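Across the two complexes that follow, subunit A remains constant while its partner is subunit B and subsequently subunit C.
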Partner chain A sequence: MDISIRNLGKNYGDVVALRDIQLDIASGELLALLGPSGSGKTTLLRAIAGLETINQGSIRFGDIDATHLSVQERRVGFVFQHYALFKRMSVLDNITFGLRMRTRAQRPQKNEIQRRGLELLDLVQLKGLEKRYPTQLSGGQRQRVALARALAIEPRVLLLDEPFGALDSKTRRELRAWLRQLHDDTGYTTIFVTHDENEAHELADRVVTMNEGMIEQEPDA
Partner chain B sequence: MASSRSRNALREPAPVRWVLIGVTLLFLTVFLLLPLLVVFTQALASGLPVFFAALGDADTLASIRLTVLTAVIAVPLNTLFGVAAAWAIAKFEFRGKSLLTTLIDLPFSVSPVIAGMVFVLLFGRQGWFGAWLSEHDIKIIFALPGIVLATTFVTFPFVARELIPLMQAQGTNEEQAALTLGANGWRTFWHVTMPNIRWGLLYGVLLCNARAMGEFGAVSVVSGHVRGLTNTMPLQVEMLYNDPGEYSAAFAVASLLALLGFVTLALKNFLEWRHGDELTALRGN
Partner chain C sequence: MGPTAASPRAPFTTRSSRSVLPGFGLSLGFTLTYLSLLVLIPLAALFLRAAGLGIEGLWNALSSARVLHALTLSFGGALAAATINTVFGALIAWTFVRYDFPGKRLFHAMIDLPFALPTAVAGIALTVLYSEHGWLGAPLANLGIKVAYTPLGIIVAMVFISLPFVVRTLEPVLEEAEKQLEEVAATLGATRRQTIVHIILPTVLPALLTGAALAFARAVGEYGSIIFIAGNLQNVSEIAPLLIMIRLDEFNYAGATALACAMLVMSFAILFAINLLQTWNRRHG
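Our next item is the complex of A and B:
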């Protein structure tokens, strides 16, 4: 699903966090938001997810005007920087959380939920770890669980906030290649935030650079 | 060599340790263990039959019922309030937050007698709402509502104080994740926040309950000390103690209260042993 952002602005009191953002992301594209800390890239990502309110502008997912939709209604797959896994739940319960929280009418059968959870676990190459708890996993494994959890809700778009920020460089490289592969296999429109220029260029179809709340350069796609 | 040396460097010399440990033990013995021992020996001084007869006394039984009833009302109220307040303070930014935090602590810094007086001034016969209340035949002071109000006021901070640092330490990451996964506010609270705070919550409820059952000052002001009607256990202890010939009965009831303290402590220790990781956030504060 394509994303279209128009005239988006956000400020905290007098401090401008995002200034007049215009951005189009094609369906199935893998886009990197690159910028130093404080450049507004994470704020933009959270605004797209509905985790931050915006002061002006609009956000569309395909034909849907998402500007005034709640976080829940936007149905975005969000992967947090420090994973934000539910530490009191097993890996499988983490992954199936989104399905289990659906209203009764939309909720799949219990064994169907279970089946889809295991399928996703397989997709992120963590077969057999469904009974583990997040603290029993390595950083890279947690990141994969977080991704599987986000994919479980069949999101309109996939948003990743510094997905490799907390990992060592070896795991980072492995996960990068793996994420690229996963993206090509699943075809989700994906935005990821990073401050690492190499990572952005190596992984993304297109890199958008942000600075001081603005998009700095947008080369012709 | 090096390791034994560095260990010595971090340790106090033996005599210092012994003196510190000795002083602590002496203090605990004189101020905590001895009084408790006295309570139980006095309670049982005239033998078990007298002990049980004292507890079976109609007025004493009434005071136990009243104490339990008061706790049954006040503790859930403060649990609800404590969770709501902790949630608001830990998870949101809003104007007047520090004022709210200070207000929650107010019952800790105000003498319980004042707390009782406030309710007398509000709802007593000469109080602000006194005329209206007596017109409508509602009794608050010298009755159960007043006792519950005073107890609730005094035990107000316990649950909130336990939960605020715990919830602050846990942040809002998991909640945000739950929202993006489609869970509404209530389900997020129930499935994500609650499992993360349940042991801390239980801990707060335990302390709140112990205080609710043991409160003397505030309740004393609003109760009116009517035997068999408005006497809670602590008030009953005092009354029996001042009665000639009821000396050991006073200690019998007192031993029940002391026992409540023991049970609370035991449960508290059990929680710390079993769920220490989660409660560390509490002890840090």
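Our next item is the complex of A and C:
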């Protein structure tokens, strides 16, 4: 699903966090938001997810005006740097959480939920680990679980906030290649935030650089 | 400095390197001695005395209607107070951790006051407030609710003195609970209520149970603040700790010992049950 952001502005009191952001993301595109810390890239990502309120502007997902939709209604897959897995749930329960929380009318059958959870586990190459708990997994594995959990709700868009930031460099490189492959296979519109220039250019179809709350340059694709 | 470097064995590596955590024997010995002197020996002496009464003696001392009523009142009141504090203490802790408001520090400091106040002062203050002509007692009396000199007054005093336990045990846990977990739950479509039930509550449940157990234990043993507001009417508002004092005043040491033992056993049973619940909860998270 394509995303279009118009005139988006956000401030905390007198501090301007985002200034007049214009951004279009094509359906199926893998976009990197690059910038130093404090540049507003994470704030922009959170605003798209609905985790931050915005002061002006609009956000559209395809034909849907998402500006005033709640986080729940936006149906975005959000992956945090530190995974944010539910510690007291097994890997499978983590992945199927979004499906299990649906209203009775929209919720698939129990065994269907189970089946889809296992399928996603397979997709992120963690087959057989469904009964494990997050603390029993490595960092790279945890981030894969977080990704599978985000994919389970069939999100309109996938948002990754420094997804490899907490991993060692070897795992980083592995996961990068794997994520690129996964993106090409599944075709979700994806935005990921990073401060690593190499990572941005290696992984993304297009890199957007941010600085002091503004988009600095938009090189031709 | 050649000889030092070539020295066949380095100093400081002989004894302490045997264990990663040295001093096990010393610390265990200290712990056991300390606990024995302070807790185990006094309690054992109490049980020994009670055992001297024989089963019949114990039965005679405990089976009177007055004693049973006092025990029921103390334990029932403490359970009620702990339950009330668990609900409202959780709310208060939540408010302090999650919101900012003017005077927050002041209110925050006030939470511990029931700990610091001499219990007699708390009891007298509550009695004045809740008596029929008191600020709170008068309007309540108009509604037909009598607080002072009734079991209700006892529960009020118990709630007052045990409030800090739930708030203070819960706060650090809520503080640590990652906000990201709630955010991720929201992006996955969970409503606020679902997030509380499935994400927040399981995280804070152990602390909540601990706080409830502490509040209960404090309320059961409370004496000073209650005797003022209770009125201490036989078979109406006479708590078990007071009855122990009365028995002692009557030089009825056997009766006092038996009652103390009964309270100990019941308290232990309830605290042990809460402990089991904790373990179960941890295993089935």
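Just a few scattered comments:
Heads up, the rule we're going with is that the second predicted complex is superposed on the first by the 221 of 221 C-alpha atoms of A that agree within 3 Å, B and C clash if a C-alpha of one lies under 4 Å from a C-alpha of the other, contacts with A are read in each partner's own complex, and residues count from 1 in each chain.
Just so we're on the same page, a residue touches a chain if its C-beta (ideal position, glycine included) is under 8 Å from a C-beta of that chain, and two chains touch if they have at least 3 such contacts.
Please read all numbers here as calculations on a predicted model, not as lab measurements.
With subunit A as the common reference for superposition, the partners subunit B and subunit C occupy clashing space. Of the two partner chains placed by the overlay, neither subunit B nor subunit C lies in contact with A:166. Using the contact criterion defined above for the overlaid structures, shared-chain residue A:214 touches neither subunit B nor subunit C, since it reaches no partner. Look at A:78: by the touch rule set out above, it reaches both subunit B and subunit C.
Contacts of A:16 after superposition: neither subunit B nor subunit C is touched.
By the touch criterion defined above, A:123 lies against neither subunit B nor subunit C after alignment on the C-alpha atoms of chain A.
The contact surfaces that subunit B and subunit C form on subunit A in the two complexes overlap at residues 49-51, 71-72, 75-78, 80, 82, 84, 86-88, 97-98, 101-102, 149-150, 152-153.
Looking at the complex, you find that subunit A touches subunit C at residues 49-51, 71-72, 74-78, 80, 82, 84, 86-88, 97-98, 101-102, 149-150, 152-153. Here subunit B touches subunit A in the complex through residues 173-174, 176-184, 187, 191-192, 195-196, going by the rule given at the top. In the complex of the two chains, the subunit C residues touching subunit A come out as 178, 180-181, 183-191, 194, 198-199, 202-203, 285. Residues of subunit A that touch subunit B in their complex: 49-51, 71-72, 75-78, 80, 82, 84-89, 97-98, 101-102, 149-150, 152-153.
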